[in-house]
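Next come two complexes built around chain A: one with chain B, the other with chain C.
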Partner chain A sequence: MFVDTVIEDKALHKPVFLIGLSLTVLAIFFALNFTNTIFGEFLRPVIGAPTESGFFGRFAVSLVLTIIFVGNLFAISFFKLKVQVAIVWVELFLLFLAFAYSFDLKMSFIQSRIPLMISRGLFTTIYISAISILIATVIAIIGAIAKLSNNGFAYAISSFYTSLFRGLPLLLQLFLIYKGLPQLGFMVDAVPAAITALSLCYGAYMTEIFRAGIQSIPKGQWEASRALGFKFSLIMRKIILPQAIPIIVPPTGNQFIAMLKDSSLASVLGVWELMYLARTLGQRDFRHMEMLLTAAMIYWVLTIVLEIIQARIEEKYKQKS
Partner chain B sequence: MMNTKINTQNNSELMPVISLKGVNKWYGDFKALSNINLEIKLKEKIVICGPSGSGKSTLIRCLNRLEAHQEGTIHVSGIELHERMKDIDVVRQDIGMVFQSFNLFPHLTVLENCMSGPNWVRGIDKNEAKARAVAMLEQVKIPEQADKYPEQLSGGQQQRVAIARSLCMQPKVMLFDEPTSALDPEMVSEVLDTMIELAKSGMTMICVTHEMGFARQVADRIVFMADGEIVEESSPEEFFNNPQHERTKVFLDQILE
Partner chain C sequence: MNIKFDLNKATLVLTAALLSINMSAKAGVVYDYIKANNELMIATDANWAPFSYIDDDGEMQGFDVEVGREIAKRMGVEARFITPDWDVITAGNWNMRWDVSVGSMTPTASRSEVLNFPATYYYTPAAFAVHTDSPVTTLAGLNGKNICTTAASTWEMYLQGNLDMLNAPAFTYDVTPGTITSLKDGSMCADDTRLGAGVRNDGFIDSVPMIQGAIEAGYPIRFLGDPAFHEPLSLATDLGNDDPELDAELARIIAEMQKDYTLSLLSIQHFKNADGSSEDYTIAY
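Let's look at the complex of A and B:
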């Protein structure tokens, strides 16, 4: 992105903006009323019993929160960009942790269930996603070339395919395959059914990404290749795809991340992946939040790993061109 | 190597290497080429010129069938170009083409660009293809750029690489489609010098260009086109000193003023 060379004054350093922001934040905190929360308890020496503090207590709590919030923003505004980003990340993460701890989590319960969640749940999730991603990529390459071809059958089949599988909810596709195929005489287990549905659905999305990537290569590349006497498959392999891949990688990475999380839909078929275990392991002891938050953290870490891999690949192609 | 080829084919030297008979082409309702008749012999240098939209680029692109003509016949080395032909790739391998926008492969180095054709479609092994590429880069006077990527080169250098890439295929004919039109003025001459060198070496060349100095110096014949027709076809002296048609005179007045 283009960053302009003229630096404007920071909005936070303009008194008008600062006052306006403070009043708005104060109003929001006042409306949400934090008097009966932990913040009210903190102010007990000032406002007395939070439940009986009335308007004064509510206003005092809101005012203190506003000063902390706006003061925090104002302080951060003096740092360099990278430091700002780091501070905000840490603060938001701490808020998330506070949110998690507010559920009175039993850590020993999490510790006792985590080995199964990882050995069985995480393994199955990665296994299903990895195979689906491979198959979807193959489908996408074939589908994209078919969609760009002059062959009527190829175009019709691939456009029908992308229309159908982009048009139905993934959950519905999952049921159609898992419940429908056995009625036609093909027995499918839950895992193959999940892989089939994920591959077909994401293959359809990725077909469009690959098609757009291939089409974005200038016509001159085709003409120069043709003029040298190259055949179609050679042009695709050696000229077009190598140039299209750097364009295709970022949106494809997004698809991979989305697919990893959508693999949780396989839990409705009873596949023992992360989501299924998260829902079932905590059920008997009514420890839902422990397991759901654990699964949430595992998914989050997984997607961060994928994002890092994606950034690496993008970097690699950037250097080459 | 090229000379021995020509000597052993004395008969074909008399035959036109490219011949067009009654060629018509339409884009929808618009007639782009109208009754084109043209014969080009081996080692001839033809310059095609004319106002923009006159069909000169369309014509040159029909010669290796990057564009399809609808009526008439085009023969290249005795092979007719038509939509059901099986060996168009073989024909194209013998016709080099240089584009206005260079069209180098940006993901390959200069050397790899030049090796691509011989190595991938001529079946020549890497070492020989590399030796040939280096030789051709020397011929266009940029051997030191071999390991760079196209975007690191100036426009004039890129166009010379494009010429070298085509020459690596050892073509019988070279087509130039406005090779200097996209260049900054100071880079035009380095490309034209390369083309003049090539002409001296005996290459058969067909050039669409507005560079009248080049035409005067190199061309055996100048073909002047307007509205999809060949209006005038003559030697450079005739063309510049004694143009026959009104449109030619107007064009020359505009371009030479």
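Let's look at the complex of A and C:
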């Protein structure tokens, strides 16, 4: 929420806005045409066979959907903010469940494969991401310091590095490392290749994050430290980094969450991580949607957990500063 | 600075020298490595039921997988499976990441530029399939239509009119598609075809056992006409490795498995027809 003291009236409670919104929503529903979907089936008693209901059917379905949608918004607007958030979350989640349900999923199939997806797939995904983020962090610290230094070589190397690795798609880097390095005589297997590509790519992004974080510390801090006779490494460790880290942590958490999902690119090299198993386990029985949705839920839950952890860490640094 | 530069040069020359030694001394080196490591590393795409797939327990299963296990057993070593994408396998230059592909690969002239084909172990027909509601009834009906297939496959080469199979029965190009949609694997094509005739594609081409499996899984698709062509399917090794010892050993084992009907038995186990009868695909056409 914005930290603003002026809170305006609820837009939804102004008739003009309400009518305008209703008309817009009606137009959108009409354009999308839900007549031949499950909603048309519900209205069968009114509009007859959905496929033959024509303009009237299409309009009736759109109108009913609009009333449900706007009515729902209007009703929610009377609750307290926290309740509103909860209701909307539940509603959207139910919609997602309905979306999943519409595929006629075979639950027993999902149940029989979940243990493997977690024990093998999730485990691999997490350990690839965790190792990569550690290496990327080390690269980022070195890269940021090099990029801020007055040493021409260090600056040139680190700026070339960030430019190159932010400039290429991650998948391309993965192939360059996996296929290219062995031709130079360095054998890399699929998992090390994936970890290398992820570390280098995210290291480049995080170099920029670290650099920006260090640069955001006012010049006065440096001048004061120098005036006290501190040496560079001591200033860095004791003065600058402790202040920069609270600024660096939130975007770094974002990078980690993003990396967790980008590790799915390792699936093209045949690494049995979550995405690979999601694509492959449904093959024999031609039940692809089951596995894809299961993987989707696992990724999502994992991300929620990480978001909570990230919020905790941010909270901790907020208290400190 | 100068010293540093020279050092770099020296390492470069040394690396180049080592590399060239490696190249020339490779004969037999892969086979020795397999024996020494007591492990045969087999590449096979895991997205191809009933040829190779992952079962409920996370184990590789399927016809190709069982053939691979049997080869390793007869070689007296352990089998380990690696599951790279199909186009990564066909591209060659394996750099000893794996020793052999037991992945139903058809020997073609273009592939033989990077791969060796030591032994053909079975033969499958390739056929077109369309949605059950499709108005198309003959292969000629697919001319000018949008046909789906697997990238870097013999089926794609067939659609492009440049299928250069080696030692294969004669065939004719019966279909000239208007658009070729090349996807990662055959099941993605089947998923698109099931949406309806002409929605994302007008039909797809794949091996008969794969289409059979999709039909048995309840996909609304049907075979179109007779099989378009028959392809021999072979083991493959990396041409760059140049290891005649390994190739000879693989050829010997496959010949042995043909002789004692192991291959036929495996085929009958894994390949079923629409009426539930079994199919022995190991007999040459």
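We take it that the second predicted complex is superposed on the first by the 317 of 321 C-alpha atoms of A that agree within 3 Å, B and C clash if a C-alpha of one lies under 4 Å from a C-alpha of the other, contacts with A are read in each partner's own complex, and residues count from 1 in each chain.
Please note the rule applied: a contact is a pair of C-beta atoms (placed from the backbone, for glycine too) under 8 Å apart; a residue touches a chain by one contact, two chains touch by 3 or more.
The structure displayed is predicted, hence computed values, not measured ones.
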Which of chain B and chain C A:Lys179 touches, first, second, both or neither: second
Partner chain in contact with A:Leu269 - chain B first, chain C second, else both or neither: second
Partner chain in contact with A:Met206 - chain B first, chain C second, else both or neither: neither
Dominant contact partner of chain A by residue count, chain C or chain B: C
Partner chain(s) touched by A:Arg226 [first = chain B, second = chain C, both, neither]: first
Contacts of A:Pro242 with chain B and chain C, given as first, second, both or neither: first
Touched partner set for A:Leu198, first chain B, second chain C, both or neither: neither
Partner chain A, residues of chain B touching it in the complex: 64, 66, 89-93, 95-97, 99, 101, 103-107, 116-117, 120-121, 149, 151, 162, 165-166, 169
Chain A - residues contacting chain C, complex: 112-113, 116, 119-120, 179, 182-183, 185, 187, 189-190, 268-270, 272, 276-277, 279-281, 283-288
Chain B-facing residues of chain A, complex: 218, 220-221, 223-224, 226-231, 234, 238-239, 242-243, 320-321
Of chain C, residues touching chain A in the complex: 15, 18-19, 46-50, 53-58, 61, 82-85, 88, 91, 93, 95-97, 187, 190-191, 213-214, 217-219
